[in-house]
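Some structures to go through are shown next.
Below are two complexes that have chain A in common, paired first with chain B and then with chain C.
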Partner chain A sequence: MAEAALTADQALRKQRMESLARSSKQELEPFWKEHGQDLPYSYLREPEIGLVMVRGRAGGTGQRFNLGEMTVTRCSVRLSDGTVGHGYVKGRDKRHAELAALFDARFVQDDSTAGFLDILNNRRKAERDNQSAKAAATKVDFYTMVRGED
Partner chain B sequence: MYVAVKGGERAIENAHKLLAEKRRGNPDIPEIKTDQIREQLTLSVSRVMAEGSLYDPDLASLAIKQARGDLIEAVFLMRAYRTTLPRFGYSLPIDTGTMQISRRISATYKDLPGGQVLGPTFDYTHRLLDFTLTANGEEPLEAESSSEGVDNTMPRVLDDLLNHEGLIQQEERVSDESHEPVGDLTRQPLEFPADRDIRLQNLSRGDEGFILSLGYSTQRGYARNHAFVGEIRYGSVDVEIAPEELDFPIHLGEIDITECENVNQFKGSKTAPPQFTRGYGLTFGQNERKAIAMALVDRALRDKEMGEEVTSPAQDEEFVLSHSDNIEATGFVEHIKLPHYVDFQSELELVRKMRREQAEQHPQRAAE
Partner chain C sequence: MDLGPLTAPLSGLENPAFASNRIFRDVLEALSRPGTVVPAPENLETPGKLNRAATGFLLALADMETPVWLSPDIRDIQTEKHLKFHTGCPVVDQCGQAVFAVADARTSNFDFLNSLAVGNPEMPHQSATLLIMIDGFTGPAALTLTGPGIHSKAVLAPDPIPDALIQWAQANQRLFPCGVDLIFAATSSLAALPRTTRIEV
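Let's look at the complex of A and B:
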């Protein structure tokens, strides 16, 4: 995958879609009330549950293989001015995918509405840091026995 | 041969009602909720996701509840459910080198960059029953925290440490992967000889008990490759997909996985210098026993590419790959309990006929 070739716009959109995917429906709903409530939109693709086959690599770095599937929900919307948004999220929450698609379009329409993502990103970072700090507390400290004399 | 039979509808219906009642157990005891299973029986959930070959902790929890805790039945429910869903595509290969690490250990190096991170493990517990868990109102436990987190960019033992000295074989990778097909057992039947991609997919969704026993057999001498655990990692990795409607890959979410990389002995050949060889294990969820066993069996199945003689069951890919799937296995093993009345009737006739013939030919034996 030619990932290095992303434009600045693509990179920003990718980053924002990631924040939306990492969040939950419960987290996103109040922000939608604030930034998009009553905006008319139509579905390009109604919320749909499906599967993505997750791939790994032999030895972590080698030949690709199919590890197993995961449930994914996707949705595509069009706002009344024609702006299109896509949402792909892990799991089977249709409203989560719909909100992700709506925000994806909304951010294109009005960049200033994306400010709340910082709150969600900080929340995710705090959760990760907390988990990581707990794992770090289980790190083994090896020590060498010091002999009594000299 | 199994012949379809009619009738018994009411008996079947009543049997299923009785099953539901037994599933519920004593109604005076609170009903178990699926989110309790998801949060508190996480290793069962891991196993059902791995062998169901479907990552969805909520579904796995439901399957475990519905199956009354029979994990193979739960795996069956997961496999059946996935057939009802469309396939959106394939993910980009996950990068276990950037895992958010909950556990990382190495049995080959004591002091290594990133350290030995034990994480949530049964290792070093005393295996004494803890009766405080049966008491009600247990105080929630809070784990200790370190002031700094784990270094998620810590080196990989095999690729970054051992390979540094050129002492271990490299994992081969073609330069242009866009035209390299990746075998998929959910789309095409198992055929032999099977390439490593198919073998790894098969082992990852294979029955834990079967893979464990085969792995064990390699350690006891039924395939000569003495293994060390170079590295085990458990944690979460990001999954990305490149959907056709977008021209860049996007993040779907994180999944928990367990990875095991084994280092195995290899004497070298006329053309190759002595070098360690590798075995790889990767499973959904926290599933360490399975990942280690899978890595042992993966190595054993690489016999042909290593020019080794096939002498043991774990090296025989047709034997291993054809019998690892517990849904296929349980389907065939258990189907013999279903009505075989017509079949058996003909067997009965045959035995009676043979006995008659024998009695006519040897009347004195029949008289004894």
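Let's look at the complex of A and C:
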């Protein structure tokens, strides 16, 4: 299925939703206190846990196959001015999905509140770099010695 | 993707799993004992021109396999978005394709009735369910009901009830085992006339 072309706004929103999904409840909670505490909101869709089928392609180019199912929690909220936000996160943490949805709506409402995402993105990058460095340290080069036979 | 507040979906059922179960049970009761008036969910946001009973019915029973047809006078963007968001059901243009058809007794044109799917003798379940929105069950003209699920006879007085609808419903009963099941959705309550019920005015 071809991915529909996104407008610049949609691409940005998608990127932000990804940052929210990759973070954790513990990380998001303090930022919500700062940017949205006491903001009235209602649920469009209460947090609910479900499964999505994760698909892959062998080598990234081969036939599509079903890798397995993954637990996902989703939530949709509406702020008091009618702004709607959606959150989809992996795992079973309902509050995480709720926070992701709340921030999604908050960013639409007030773009300037999205600044803290850089902090989260930098943390993710540091974690990835750290893991890559650890993996790189165990790298093994395979080579065949000349066996000296005629 | 339009995210404007005017066309955004409204809140769905509170505690969806339990609430939709409750509605399912109530609709089952209404259908198995024709003429019984069962309560509709309280505190439910209603999109566009749908009333509470109709909204609850659709949220509980519609899904991606049940095309919904809305009479032109009650069809609007908000209602469509709301139903699609919460149930994933397709909203169709041809009422012949509908599993659930929705109309308003006060404002709808009832020419569509004979286009509804009635199933066929091998597959009588492939018929539509018609949802008619009314004001209440205290109308001036009472219908006398007899048939399966009714002890001797039952009385139901939907308000308002167009003549065209009564005549169609009487003809519909004679199609058994085919035919359309009819649900009356008042604001806060609901009653059903399945295809087996004989109706006298």
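A few remarks follow.
One rule holds for everything that comes next: the second predicted complex is superposed on the first by the 133 of 150 C-alpha atoms of A that agree within 3 Å, B and C clash if a C-alpha of one lies under 4 Å from a C-alpha of the other, contacts with A are read in each partner's own complex, and residues count from 1 in each chain.
We adopt the following convention: a residue touches a chain if its C-beta (ideal position, glycine included) is under 8 Å from a C-beta of that chain, and two chains touch if they have at least 3 such contacts.
Please read all numbers here as calculations on a predicted model, not as lab measurements.
Because the two structures share chain A, they can be overlaid on it, and in that overlay chain B and chain C fit beside each other without clashing. Legend: residue contacts after superposition of the two complexes on their common chain; A:Lys25 is shown touching neither chain B nor chain C.
Touch criterion met: A:Ala58 reaches chain B, while chain C stays clear of it.
Contacts of A:Arg78 after superposition on the shared chain: chain C is touched, whereas chain B is not.
Chain A is touched at more residues by one of its partners, and among chain B and chain C that partner is B. By the touch criterion stated above, A:Val108 is placed in contact with chain C alone, chain B being left untouched.
Of the two partner chains placed by the overlay, only chain B lies in contact with A:Gly68; chain C stays clear of it.
In the superposed model, A:Ser132 lies in contact with chain B only, and not with chain C.
Using the contact criterion defined above for the overlaid structures, shared-chain residue A:Glu46 touches chain C, although it does not reach chain B. Of the two partner chains placed by the overlay, neither chain B nor chain C lies in contact with A:Arg95. Minimum C-alpha separation, chain B to chain C, in the superposed model: 6 Å.
10, 48, 76 are the residues of chain A that lie in the contact sets of both chain B and chain C, per the superposition on chain A. Residues of chain A that touch chain B in their complex: 1, 3, 6, 10, 13-14, 17-18, 21-22, 48-72, 74, 76, 86, 88-92, 128-140, 142. Considering their complex, residues 10, 42-46, 48, 76, 78, 81-84, 108 of chain A touch chain C.
If you check the complex, the residues on chain B that touch chain A are 49-50, 53-56, 58-59, 82, 85-94, 96-97, 100-103, 110-111, 115-119, 143-150, 152, 156, 158-159, 170-174, 177, 180, 182-186, 196-198, 200-201, 204-205, 235, 239, 241-243, 245-255, 257, 259, 261, 278, 280, 282, 284.
Only residues 1, 3, 5-6, 8-12, 14-16, 85-86 of chain C touch chain A when the two sit together in their complex.
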